[in-house]
Amino acid sequence: MALLTATLAALVMLAAACGSDDDSSSSTSGGSAAGDGVSVRIADKGFSESFIVAQAYAQALDAQGFDADVTSLASTEIADKAIRDGEIDVYPEYVGTSYQTVLKLSAADAPTSKEEQFQQVKTAYEQRGLTALTPAPFNNGNAVACTQEAVDKYGIKNLTDLGKASANIVYSANAEHLTRPDGLPLLKRVYGFNPKEIKTVDISLRYKPIEDGQANCVYAFGTDPKLGQDKLVLIADDKGAYSAGLSYQTFPVVNKGFYEGLTLEQRTAFTDTLDKVNAAFTQEAIIPLISRVEFDKEDPEDVANEFLTSAGILQ
Amino acid sequence: MGAVWDAFQANDGWGQTWTHIKLSVTALAMATAVGLVLGVLCAKVGRVAAFLVVTVSNLGRTVPTFAIIALILALTSLGFWPAVLGLFLLGIPPILLNSYTGVREVDPGIVEASRGMGFRPLQVLGRVELPIAMPLVFAGIRTSAVQIVATAALAGLVGAGGLGVIVSSGLSNNQDDVILAGAIPITILAALAELVFGGAERLATPRGLRITRRPVIE
Amino acid sequence: MAELVKWSWVENNLDDIQQASIEHLQLVGAAMGIAIAVSIPIAILVRRRRIPYIAVNTVSGALYTIPSLAMFAFLLSWFGIGFEPAVIALAVYCLQLIIRNTVVGLRGVSGPVQEAARGMGLTRRQRLLKVELPLALPAIFAGIRLAVVSTVGIATIAVYIGAGGLGVLIVNDGIQRGLFVTPILVGAVIATVMALVFDFLLVLLERALTPWQRARAGTA
């Protein structure tokens, strides 16, 4: 009998733990401010820069009285599907990525002005039930980076040379990149880049094969601090087809239903907050932040918090 | 179905299948060697070792495999050998437990009789105990083989290649064809492993023992 | 090997650790609840029918062979991200084990016992509820115990479809932050402890529900 009671007690405690609502927001939400405790579900795409931007959005919104939480998603497609289905409310995307991967438009047909590209994306997104808010200044383009050794040995001065040296290249990239229209398929099609071997890794680990000496080229982002640390060379885009022509500024994608469901006051606070955060993300500002997360192993939450404080967005 | 086949070929399906097989076979071979030897040794040492065997077996079941692979990855590097190490650790418990039990359950009368016939300890082991334990050992290998093949899919998440890479690609890009192009071969390989080792298990069971054999790990 | 555990991380992230653990419990709890609620009735239905049982066993077995990552991936594309698709995937993996063990347990009730029950005038339903199921409990519990332990393990992958759980620590905080060992270790340890605790609680529950077993000496 005692045994039975003990078991039941344990199960009850377990059930209580299961039933309790978890407090998921990372900072205090002052319900009196414009946000009124409205819940905002933010997502990131699973790599350092994305973590930082999403955390910055979350903390700034929390300070305005919203109740934000962040979920990590595995890829662009998953994030796009999730936001259209209304399972998340906001996530940071890149103009170029929206252009080529989500909307499947060709970079060759893109307008030259970054502003026009964004407007094109914004209009197309409206028809998909999504709202696009103002982008941040920093530009995080896609690139290929190779070791100095590979560049010297195979005479790689630009992407066309890279294509010619394909048989000597071991390329490190994540699964999404391998089939994304603006990823490896584009490099293959335009520059004839067909690496001898591909190391497929999680996007956040793409530099590890380089560091372990198992790969000599990698799918790089313009803002990667590892470029400097690992002494890698960004390969020039001689034909301008690999993202050079596209803007890769980050902007918040918002679910339209969520956005229009806010009261005027909430919507203004929401938009102004995200605009302020994005305006503070300049190229000079973002790179050291990524560096601290990747090299110093600091928490993206802390890094975002300090950034917002120094930008005057958080007190 | 055609689309799945296309996806398979477009994503280096044959190459990844070969890597998957290499990962699985290497891990299984290592797990068998270590599990069998340790199991027999523990059986000879006696009751004390029983505790070790049962604990290792339990741990093997309860520690999440994915966590083990992630840990090994974090402590070493990306690639083939870290993944093999993780799969090897996963594969040991069933083989260890079954080898231990198989040898211990040999009828002491038979062992006595063979000693009486002049067999030295090593001969008793090689000619009497091991053959009798074989069905159980093969059952353990069979269980490990299937688990290893299925779990090797996770190796794809930590840069070791294999069919898991294709599944993860399909997951990222939300493409069912690609997911199938990775999942179906894994399932086929697992079924093959089941067939091969299940067959070996049956072959190794002498007629007379087939009815009385009680599997310890199913 | 650099310091394995950065305790400062643990201290600073207790909230996240707690949230991940609770999410994991919810995933496992919901999945087991669904699996048991679905499996036991099905098992009862097919226990005496050879072909239906073979069909059920084959289908649930086939589902079991689908690699977990693929299963999550499919459910993602059909149901989207989050808790529900993850729970469905986890529940599906338990079906074959629980159904099979329940059927074997029910079928294992010996002839003489059935006869005696019939002789006492019990209806079919009464026989099922008062005789067969109780006697099948050890086998059923064996299946549930194995299922729970494996579910705790597989649930670590649910993070890949945005379902939360301890995988958040292992993947988002660990692997994706430059292979940070501490969160991976924390996630692994908590998951292991969780599995052991579930197993232990189930043993206790089984003992409580089968008092007649204690009378039998030395049963494992």
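Residue numbering begins at 1 within each chain, and the chains themselves are lettered A, B and C in the order written.
The rule we apply is simple: contacts are C-beta pairs under 8 Å (C-beta built on N, C-alpha and C of every residue); 3 or more make two chains touch, one makes a residue touch a chain.
Everything numeric in this text was worked out from a predicted model, so none of it was measured.
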Chain contact graph, described as a line, ring, star, complete graph or other shape: complete
Comparison of A-C and A-B by number of C-beta pairs in contact, larger one: A-C
Chain whose Cα centroid lies at the greatest distance from that of subunit A: B
Whole-Å gap separating subunit B and subunit C, where each centre is the average of the chain's CA atoms: 22
Length of the line joining the C-alpha centres of subunit A and subunit C, rounded to whole Å: 35
Interchain centroid distance [CA atoms averaged], subunit A/subunit B, Å: 39
Multi-partner residues of subunit A (at least 2 other chains): 74, 78, 81, 202, 205, 208
Where subunit C touches two or more other chains, by residue: 76, 160-161, 171, 175, 179-180
Multi-partner residues of subunit B (each touching 2 or more other chains): 156-158, 168, 171, 174
Subunit A to subunit B touching residues, read off their complex: 74-75, 77-78, 81, 174-176, 178-180, 198-202, 205, 208-209, 212, 214
Contact footprint of subunit B on subunit C as seen in their complex: 1, 65-70, 72-74, 76-77, 146, 149-150, 152-154, 156-157, 160-161, 166-167, 170-171, 174-175, 179-181, 184-185, 187-188, 191-192, 195-196, 199
Subunit C residues touching subunit A - in the complex, by the definition given at the top: 6, 9, 12-13, 15, 18-19, 22-23, 25-26, 29, 76, 80-82, 159-162, 164, 168, 171-172, 175-180, 201, 204-205, 207-208
Of all residues in subunit B, those that touch subunit C in their complex: 58-59, 61-68, 70-71, 73-75, 150, 153-154, 156-158, 164, 167-168, 170-171, 174, 176, 179-180, 182-183, 186-187, 190-191
Subunit B - residues contacting subunit A, complex: 11-12, 77-79, 156-159, 161, 165, 168-169, 171-175, 178
